[in-house]
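The following block contains the structure, expressed as structure tokens.
Chain nomenclature is as follows: A, B, C and D, assigned in order of appearance, with residue numbering initiated at 1 for each chain independently.
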Amino acid sequence: MIVVMKSDSTRGDIDRILERLTRVNLSGHLSQGVERTVIGVVGETQLHPELRNELELMAGVEDVVSISKPYKLASREFQPADTVIEVGNVKIGGGDLVVMAGPCAVESERQVIETARAVKAAGATVLRGGAFKPRSSPYTFRGMGEEGLKILAKARAETGMPIITEVLSPQDVELVARYADILQLGARNMQNYILLDEVGKTRMPVMLKRGLSATIQEWLLSAEYILAQGNRQVMLCERGIRTFETYTRNTMDVSAIPSAHRLSHLPVIADPSHGTGKWYLVPPLALASVAAGADGLMVEVHPSPDQAVSDGAQSLTFENFSKMMVQVKLIHNLFRSDTVAAT
Amino acid sequence: MIVVMKSDSTRGDIDRILERLTRVNLSGHLSQGVERTVIGVVGETQLHPELRNELELMAGVEDVVSISKPYKLASREFQPADTVIEVGNVKIGGGDLVVMAGPCAVESERQVIETARAVKAAGATVLRGGAFKPRSSPYTFRGMGEEGLKILAKARAETGMPIITEVLSPQDVELVARYADILQLGARNMQNYILLDEVGKTRMPVMLKRGLSATIQEWLLSAEYILAQGNRQVMLCERGIRTFETYTRNTMDVSAIPSAHRLSHLPVIADPSHGTGKWYLVPPLALASVAAGADGLMVEVHPSPDQAVSDGAQSLTFENFSKMMVQVKLIHNLFRSDTVAAT
Amino acid sequence: MIVVMKSDSTRGDIDRILERLTRVNLSGHLSQGVERTVIGVVGETQLHPELRNELELMAGVEDVVSISKPYKLASREFQPADTVIEVGNVKIGGGDLVVMAGPCAVESERQVIETARAVKAAGATVLRGGAFKPRSSPYTFRGMGEEGLKILAKARAETGMPIITEVLSPQDVELVARYADILQLGARNMQNYILLDEVGKTRMPVMLKRGLSATIQEWLLSAEYILAQGNRQVMLCERGIRTFETYTRNTMDVSAIPSAHRLSHLPVIADPSHGTGKWYLVPPLALASVAAGADGLMVEVHPSPDQAVSDGAQSLTFENFSKMMVQVKLIHNLFRSDTVAAT
Amino acid sequence: MIVVMKSDSTRGDIDRILERLTRVNLSGHLSQGVERTVIGVVGETQLHPELRNELELMAGVEDVVSISKPYKLASREFQPADTVIEVGNVKIGGGDLVVMAGPCAVESERQVIETARAVKAAGATVLRGGAFKPRSSPYTFRGMGEEGLKILAKARAETGMPIITEVLSPQDVELVARYADILQLGARNMQNYILLDEVGKTRMPVMLKRGLSATIQEWLLSAEYILAQGNRQVMLCERGIRTFETYTRNTMDVSAIPSAHRLSHLPVIADPSHGTGKWYLVPPLALASVAAGADGLMVEVHPSPDQAVSDGAQSLTFENFSKMMVQVKLIHNLFRSDTVAAT
């Protein structure tokens, strides 16, 4: 932490700051510039998260600048090697490419099983499907609940694919954990800290979607919540951020993939379905994400997108999904041995 | 709802759409333009929330445009008269100005009671204070919990001021409701639908903060969740949105105040503390909000902001709060009889 | 400037940085923390704008943090007293309130003179009107050019009001300066540096609108361009920034008014017409801006907004403008002696 | 265009609108819904760009919705086949991949020629370099001007590579056009309409960068300005947009590449250097852009990035550029015959 003094600060102002630092076993190194004095704070500032605020309000202080990252367990410095999460036979992170595909919402046993078979045939290795759906209007279908989870479990039994499904509420963590292989935390819940705590207490793989307006740093801080509870099986998911552009549903931040890889050891999945909101943009953004180093894709696939009860506009047909998978594999194979991501 | 056909759509495409509408008891009126055909959908489209999606994917369709608002109970059309919420002697909405003030977080009995007395003396009528705090880092103080609620209740007993405090989780609604007079839903929980449902089931006044990247329409849709459960005592709170600007913590969207008033009958409170993140911007933005027609203010006040465990940088001292209140009352009195808000 | 070293940086890395600083007559003060070393750079770093970049790429460097503001002439530190610009009898800055009103685009002599008389009667003291219009589509009316300037000059002769009008291009500066009293630089040209240079070379008052996605710092840097050419008669204009919200045309950043006042001595005008894009939001945002300490308002007024060739949706009728002005004066008088803005 | 009437509009309101439409040879088709009436406007509405505004303000009107695109010459509907621009032997658009590389700013003959040789050896086919630089601070190096253009011309003579360089001002178009093969319009000038007109009057290839906060539609409207002057050799360049994220300099909108391809026939170049602002993110985003269907890349390369006078932090060394080019070619070859972009 660096304390930047105002150009008209006094010796007394500086002394009061040094004294305050001493009280919490930190020390300050002065740098006297031409225009102003700067105090470098030395010691374990992370143990005093509120100190910055306090210093900012002290007399003579112009600004306080943080220089360490506020997360630790999620950082690449803390753990240089990639985290690899194993779900059944599927490895997530560390060079493999996982493809999670399936319908946005579970609608019927037939729909799910038909889709599971189709996406498996095309190369997907995890089945996605929502039983609890966060919807912006209270008048929209909010998911089948436990009934939906049972359908997913049947599809797993049928196809052998592990399943990922969203949990919306702390009370439901136990229920969802009973059926799912990976718990999904949605964008709207990225800062639902009670829910983060709760999934942190399980020992299950968790996929944490980036919030609509979350910075990469806030995303990693939310991952830190889960990690801090002792659950180290966390993967991140970039799914588009909110910007001024309205042509796409969100703006897919492809640069967040190599950025997160540089800052953190956690696997990064890309969701071009929510990232773009338009089915015809899903394949190019899926390919772009893999080229940028994504550890996996999450894609919405539906037997008849025009009859989907949710997000049909961004769902692929079986045929389009299969075509896309051919290209996805080509790109991934290209860089299998060689790493594309920034390191 | 309007279905815009592509310039090369066929008569068959149009017939299939008309037929689909008929199946759900809607009808379509054709407008044949020079370049393209447009179909106006007639009937209660709100009952078919998924139809838009379905139509968008049908052959020959270029675009589908919604023309009705997706919320109903929250709309000014549904209820032309302002909602007025009574909390003890305090009226919120309908021309009065409520000022909710107090510390960001409850830290001690002394801090809360001292602050309560000071803000009451300056003209505040509701006491705010957080017992459950949403914090971006897991390593930061997360509030005193029920202990904090008890302190707030003591301050109420002492001063007679009703209290507003945040509830973070569906499980805590009952607990918080036992102590609070107004339940606060924070920005990060604006789309925590399970929590919205839960506070909707109570019959207590609720203040719903706008999400960091929520449009005014999404904010009203979240209010609709609470209203749809039968709880009509909902007030909105503008607290700044996330933009590219970094000088302020958030960008306070003052125009959201008259906009929400035009679209909805619900009272609108302004929170310039979170809206700006800097104590010296709180008074000008408080005055601006009142001038723009806000029904109330929520302001962070602390006996010694430089020792606050949370958000000290945006907290006012007792003295600054008192000075600000003088000006706030002057502006509010100016327009008491006369309405400034857009109508 | 602060150079933050990586936790694994070597003594050699540090020495190379110190040596580099010495070469340009700067020096470095070391602060050895528990985890990392920080180097405070001492000396006139503003004279070496590219140094930061260079340091960032040197071995062992984690980050380089700037601590001085990149603008000087525009800063409150450089000139503590408010800049006051005199245009005829009108004073801009320093406590007075200037109201600039008139049509978006000059359409005819009758339209302009009629409007000039009406806004003058209601209390406006500067006449606005566009002769050169920046339009997003090449197929839209782009202004009457010099003919329009002549009409504005006639309106000035008729009413005695000084005129403000936009200049779009370096070549037109001389022409527009021949007719105008204040040169307006539009939001889209805030970073048209050739144009900034050119108006900087005149000795005329200039109003610099904030760019759609410009930070306050970039806005002040653009003002610095004009000031650096020797033209000290610069006023700023907040006119809304681009965000994700679509209900309003832009999001009016009311907090930019007191923020710019704190950082700079230049007067700040508010433009609620472009700031909101909806006529019914103009009065509440005008009042809000004055309450937040704006030195003036710029408002679009048209005899028949529904027949305006440009921006009719955000233009006030004469009647609505007059009503608004009554309230604007009330608020301004309230704080005449007493300053509301953050100081 | 669709006129949505308020639920309480009268027959008189509707008649006045129909009458107004008739006056400009348009007609209106009524759709009488349960709650409201909707009027579909039939005829060539593009010829009446101001009509929308007028209608919005008429009595009884709730909203007016545009349904045609505001640009024509730039649209895929107007010209279904890809535009291919030939610059010497280089083809831009239509399946080939052009790589434009070189220093941000021209600093010396040696720097430019050395870089030109290196990037040519690695596979670049166009040389970039700035002689006129737009800089946010007036105190920074603003380019070598004509001297810089001469150096670029020498590098072309030496290597045979065509050159692309930025033009900042209408007065400089003739000068820059004398030396350059492709004129570059920067992000800050995307809505400098006078400059767009001026480059439109030349018959030279133009690369139009997307503005920091420009929607895809506004970008295409700016291209329309150039096309409307008769210059059909326009290519687009995605270079990142401004969002709330601060880790990257801009947020590269990779989805804009396939989106622009769907909406328009113009070639789309990607600039990951400005798009990310960090050299280590350039390769993954370059690969992502090619995978998403970009027709080319523009990349900053410098012999010693740590000594660059501009944008060193985002410049690649020769070695990193060469490594990246190997991968870029692999991905491009993968999809040469087969098109990845959404169609």
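Here is the rule we go by: contacts are C-beta pairs under 8 Å (C-beta built on N, C-alpha and C of every residue); 3 or more make two chains touch, one makes a residue touch a chain.
Because the structure is predicted, anything quoted here is derived from the model rather than measured.
For the interfaces A-D and B-D, the C-beta contact count is higher for A-D.
Placing every chain at the mean of its C-alpha atoms, the farthest one from chain D is found to be B.
Inter-chain spacing, taken between the CA centroids of chain A and chain D, is 31 Å.
Each chain gets a centre from the mean of its Cα atoms; for chain C and chain D, those two points are 26 Å apart.
Centre-to-centre, using mean CA coordinates, chain B is 38 Å away from chain D. For chain D, residues that reach two or more other chains under the stated contact definition are 213, 242-244, 246. Residues 46, 49-50, 53-54, 56-58, 70-71, 134-142, 168-171, 188-189, 191-194, 212-213, 218, 221-222, 224-225, 228, 242, 305-313 of chain C touch chain D in their complex.
Of all residues in chain D, only 2, 4, 7, 29-36, 38, 40-44, 62-63, 65, 67-68, 77, 242-244, 246 touch chain B in the complex they form.
Within the complex formed with chain B, the chain C residues making contact are 213, 215-217, 241, 243-248, 251-259, 262, 275-276, 280-281, 283-285, 287-293, 327, 330-331, 334-335, 338, 340-343.
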